[in-house]
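In the two complexes below, chain A is the common chain; its partner is chain B in one and chain C in the other.
On to the complex of A and B.
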C-alpha cells in the first residue's frame, strides 16, 4: 500500500523547487518584456524575445558555458576530485593534452580508426536498409499504420536494454544468432562464431547490431521524404516506359536525396558518438575502444578530465570536418527541385538541413502515399 | 499582462506554501518501519529526496546543541538486497545516536562516476564507501578527509581502536601514514570445491597439503568429457579472477613493492606465479573457456555443478546457496593451495571514508566509526582481530558457520594490494599490456612482463 502522507512529504520539497523554477521562468519573461518595451521596442517583438528568453538563458548557462569551460579544461590538468573554484584553478598545460593525444597516446589513433571504420560500414548499410524499409512502409497495404508503429518501436527502447538484448543474442553457445546459424555452420563443419569475444568479429558484431537502428527514426524520416515525391513524376516515368527499378533510380532516389542527406549527417554524428552499447558489452582489448568510450575512461577511470576534454574537442573537430565534407559533396548527389538554372546545369544551394523536419511534418499531416511504392 | 501577474503570484504563493509544509532541511527523514522496507527505493527512484538530504548535510550544518540530529549522508554501491540489510544496521546506529542521523544514498550503478561527479560539483556525501584501490587517489587529491586525529579522540569506541585491525587491512585506509577511513570488510579469497564431484573422480578433497601442482593435477582429473570429446564438467575456472597478484605473492614476488617505487613483475619469483596462472587460465584441458565464462558466469557454473573448484571471496554464498535453493550444488570451503613460498591470499578490502567537503567533520567521523562497528557485525570478515571468531561470523551470516574455521585460517595469511594514487591507470596498464595479451597467447611471460614493467613504473609515485 502506498503511504500517501509520506509520499507527499518526500516529494513536496522537490515539487516546490520545480514550481519555484517555473515562477522564475515566468518572472524572467515578464521582466524581459517590460525592459524591452521600456527601451522602445514594439510590443510584438518584445513579447517574442521575452518568450524565448528562458531558452536563451538555458542555452547560455547549460550549453554554451559548459562548452566553453570544456575547452578551457582541455588546456589544463583538471581532475574531477579537485572541484573547480576561482582560488583553486587546475594547472594550465597549453596544448599539451592535444599534442599527447595526436603524437604519444598509443590508444588514440586505434580508437579513431575503430570509430571511423564502424561509421564507414554501418552508415551505408543502415541508410540502404532504412530506405528499403521506408519504401515497404510507404506502400498502401492493410494495417500499414500498425506496421509503421511496430517498425518505429526500436527507437523508443532504451539503448542499454537493447545492448543487453544483443549481447544475449550474440552469445556464442546459447544466443539466438548462433542457434539460427548452427544448421548452416554444421553443414560446412564450421565452428560457432564467438562474436563479441573474438577480436576479429567484434566490429562486424557491432555493425550487425547497428542495423537495429534501421527500424526507427531514420526509417520514419525517409518515409516522410518518400511521401514528398510528386505522383505525377511516377506517372510521367510510367508513360516513358520506366519499370519499377527505373522509377526508383530516376524518380524516387533523386527525389529523396535531400532527406538522405539529412539522415546521413545525423547518422554520421550518431556513429561518431557510439557509446552506450560499447560500454555495456565487454570486448577483447585487441578489438579496440570506441572514441567516446575512451573519452569516458580517461575522464572517470583515469580521472584525466582535462585530457578527456581535449579528446572531446578533437572529436568535435573531426565531426565538423566530416560534416563539412558531406555538405560540400551535396552538389554532386543531392537534388533540390526547382534549382536547375536556365542552362540546365545544377545550381549549388545553401545546405538545407530542414528537409527531414519538413518531411516529418508532411508525414504527420497524413498525406496519402503519392506513388504507392516504387 | 494582469493575467500573467495573477498567475505568477498564485504560483509563488503555492510554492511558498509547499516549501513551508515540506520537511525541514535539518530534519531527518522518517525512520523506516522494518528492515525489509528500507528507504532505498526512495533514494534511488526519487532524486529529489536524495537532493534534499544532500542539501541538509551540505547547506545547513545544524548543531547538536539545538537538540536536532544532524543528517550525515552515506553513499554506497549497495544493491537492493544489500541496501535492505545495511538499512537495518543504519537504523540501529541511528537509534543509539543522539547527535546524528545517517541517511543512506545507494548508487548501485556506475558508483564511482557518480561519486566523482558529486565531488566535482561540491555536493559530495559526508561518508562514502571506497574499494581499496581508490583510497590513495582520493586522499592524494584531497577528496577525503584525514581523520587520524578525530579517530584517535574516539578511541573509546571499539571500531576506532586501530591496533585491533589486521595490519594489511588498516594499511589500505592509510596514505602517507595518515588515516583516511576505516575498513569495514576484509574478504580473503578461499577455494570452494564440490565434494560430490571430487568423490566421483576419486580425488581427495583439498587440505593444507595442497600445492599448485596438486591443484593442477586435481583440475585435470575432475574434468569430464562426453563421448564426442566435449567437456561437460570443468576442473576449474580463471579469467583474471582470482587476481594474479595472489599467485605472484605466493611465489615471493610483488607487483608493486611496499615502498611503491617499483613494479618488479619480471622478477623470477613473479614470473613463476605468472607462468602458473597463464598455464591454467582458459586451458582447454580443464579450465572453462573465456566465452563460456562470459556467457554463464563461473560462480553460477560452480553453483550449477559444472565447475569442480572455484576461487571465491570468503563472503560469497557458494557454501550455503544450497540451503536457500536445493538446485544449487553443495560446495565446501578450503584454503587456497600453497605456492612455492607461502599461502598468501588476497583480501578484498573496502573502507568508509569521510568527505573533505563535509560541513560536520567531527560528527561525520563519529557517525562513520559507529557505522563501521555496526557493519563489522554484519559483514564477513570483519577486519578486526577481536571479532575474528566463529561465533561472530555465524552470528553475522548463519550460513557461514561451517566455513568459519577456514575463513579464520585464511585471514591469518591475507593481504591487500599496495596502492598508489594512480592505481586505476596502473591497473589498466597491467591488464591491457600484460595480463590480456598473456592470457591470449600474444607473447611469453618474460617478454610481456619486461615490456609492461617500464610502462607500469611510469605511473608509480615519483621519488
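On to the complex of A and C.
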C-alpha cells in the first residue's frame, strides 16, 4: 500500500507551497523597503521595518487574527461542522459558554484543580531538587561536564517517549518502580500501588514523571546562575564566620533569586500547558483531565469550537493572573544587584520578561510554536 | 578546589585542619548525592532500552530481569514494520517537516532579529515588547481559529500547517536570542562594509550571519528538537496515517494494536528509535544547546 508515488506527491505539494511562501516573504521585505523609501522614509528606518515584516505578517495572521476570532467564537455556539463564512457568522450567545463552564460543567473544575495542583506540587519540589543539584555541581566537582550531560538527558527525550516510558515503569504488576518498592511494601505488608490506574495516585505519578522530565533543564539554568555568583562574596562570608548554611542563606540564595524567578515563570507556564504526555497515558476518568487536554477534547473530539474557545480564554486569564502574581511578588524575594530604581522599586529586566514567555515551548512540551500549535 | 582552600587557610590557619576535614566530608556527601541523582536519571533510560530488547513472553515476569536474556534485536525490525505503513515513511515525514520548518525559522528569525538589533525605526521598542509578549499567549487560545484558517485554505491533511508558518518568524525566543548576539557586535564592521559598497543583504549574509554562528547553531538545535517533537500540529492537522510523523505513529500504535494488551517491547523500541537522533544531536551539540537554553535566563 505504500508506493513511492504518494511520498513524492505529498512532499512536493508542501515543498512547492513552502518555496512559494518563502519567496513571497522575501518579496514583501524587498517591496516594503522600496515602498517606504519612495514614500520619503529614511533608508535606515525603511530597511529596519522591511526586515521585521515576516514577524509583522506572522503576528497579524497567526496571533492577532486568531486571538480576536477566538474571543468572538467563545461568545458563540460554533461547531466545527459548519464552515465559517463572513455572510453567515455564528450568532452571539453572550457569556453563556463561560457561565456554563464555571457553574454547570462537571469536568471544568476538576480539570482546573488537577492542572493547578500539578503545578503547585511539582514546581516547588522540582525547584528545590534542581537547586540542590546545581549547588552540588557548582562546588567545582570533578567532571562537571559529564554530570551535567547526564542530568540534562531526560529533557531531550520527546514528551511522548517520557510518557510511554513512565507508564511502563509505573506498571503495577511488573513495572520497575513497584519492583524496586516491593521489599519495602512487603515489609509493611502493603499491596502494590496502581499509580496511573489508581485515581488517588494519578497526580503523584504525574508529578514524579514531570520532575524527572524537566529536572535537567532547571538544573542547567540554575547552575549557570550559580556560576555567575562572584567568588568574593563567598570569601567575604567566610571571613565573617559564615558556615556552609550561612553561605547558602546569605550569599547563594539571594544571588540566585533572579534565575529562580526565571525558572519559576517558565515552569509555571509549562505546567499550565501540560499536554503531550497526558495524551499518551490513560488515566481513570475520576482523576480529571489537564486543562489543555480538556480544551483539545472539547474542540476536536466533541466539535464544540465555541465552548473550547471560551475555555481557552479562561486559561489565558488564569495564566495572566498567575504570571502577574509572580511578577508582583518579585519585590518580596528577588534580589537584583544595583538595579534599584529611584522609587525604590525593583526594575523588571528584559530577560525576565522573556522568562515567562520562552516557557514551555522548548522546555516541557517541545512545541516550538507560539502560533496556535500550527 | 585548591584556589578556594588557600585563602581560607590564610585567614585562619588555626582552624585549617578542621576545615579540611569538613571539606572532605562535604565532598563525600556531594559525590554520593550526585551519583544517586545520576542513577535516578539514568535507570529509566536503561529500562527503556532493556525493554526494547526483551522477548514478549518475558515482558511481564516478576521480578523483571535487569539484563534481557535472550537479547531480542528483532524487536526493532518488528516494531519498524508493526504498522501497515513502515517506519521508513514516518521517519521521512518527520525529517521533512523538521527540516522545512527549521530552515524557514532560522532564516526569517535572523532577518527579523537583525532588523530589531541594527536599525532605528518608529515604533521599534513597542513592536519588540509586543513580540515578546506574544510568548505569554497560550498556544491553545489561537488553536481553533488557526485550524479554521487552514481548513478554509483546504490544506488540512497536508504538511503545510506544520511548515509554512515558519516563514513568518515564529519563535520569539529565537529572535530575542539572536538580537542579543547582533547587539554585541561592533557597528564599525557594517560601516566598513557599507563604505566598500556592500548592500544590506550582502552585509547580513556575508558578514553578520557568520559572526552570530554560535547563536544560529543554538537556535537550529532548539528548533530541530521542537519540530521533531511537535505533537499538537500533526495531531489536529493530519488524518491519513501515511503522513504521520513518528510521534503520531507512536500515538496511533498506542491506541490501536497496543491498546488492550500493551506491547511495551515494541513501544520502547519505537521510543528509543524516535529519541536516538535527538540524543545524538544533544551529545554532539551540548555546549551550543546549553548556551541557547541559559542565554536570557542569567544576567551577564
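Annotations
We take it that the second predicted complex is superposed on the first by the 317 of 374 C-alpha atoms of A that agree within 3 Å, B and C clash if a C-alpha of one lies under 4 Å from a C-alpha of the other, contacts with A are read in each partner's own complex, and residues count from 1 in each chain.
Basically, a contact is a pair of C-beta atoms (placed from the backbone, for glycine too) under 8 Å apart; a residue touches a chain by one contact, two chains touch by 3 or more.
Fair warning: this is a prediction, and the values are worked out from it, not measured in the lab.
Once chain A of one complex is fitted onto chain A of the other, the partner contacts of A:264 are absent, as it touches neither chain B nor chain C.
Within the superposed three-chain model, A:334 lies out of touch with both chain B and chain C [touch as defined at top]. In the superposed model, A:48 makes contact with chain C only, not with chain B. Once chain A of one complex is fitted onto chain A of the other, the partner contacts of A:214 are absent, as it touches neither chain B nor chain C. When both complexes are overlaid on chain A, the residue A:12 reaches chain B alone and has no touch with chain C. Of the two partner chains, chain C is the only one touched by A:137; chain B is not.
After overlaying the two complexes on the shared chain, residue contacts for A:93 are found with neither chain B nor chain C.
In the superposition on chain A, no contact is made by A:75 with either chain B or chain C. By the document's definition of touching, of the two partners only chain C reaches A:165; chain B does not. With both complexes superposed, C is the one of chain B and chain C in contact with more chain A residues. Once the two complexes are overlaid on chain A, the chain A residues touched by chain B in the first and by chain C in the second are 6, 10-11, 13-15, 17, 22, 29, 83-84, 171, 173-174, 300, 305.
For chain B in complex with chain A, the touching residues are 1, 4-5, 7-8, 11-12, 14-16, 18-19, 21-23, 29-30, 42, 46-49, 51-52, 112-113, 116-117, 119-122, 137-138, 141-143, 290-292, 294-295, 357, 422, 424-425, 428, 431-432, 436-437, 440. Listing the residues of chain A that touch chain B in their complex gives 6, 9-17, 19-20, 22-23, 26-27, 29-30, 79-84, 171-174, 194, 197, 282, 284-286, 297, 300-303, 305.
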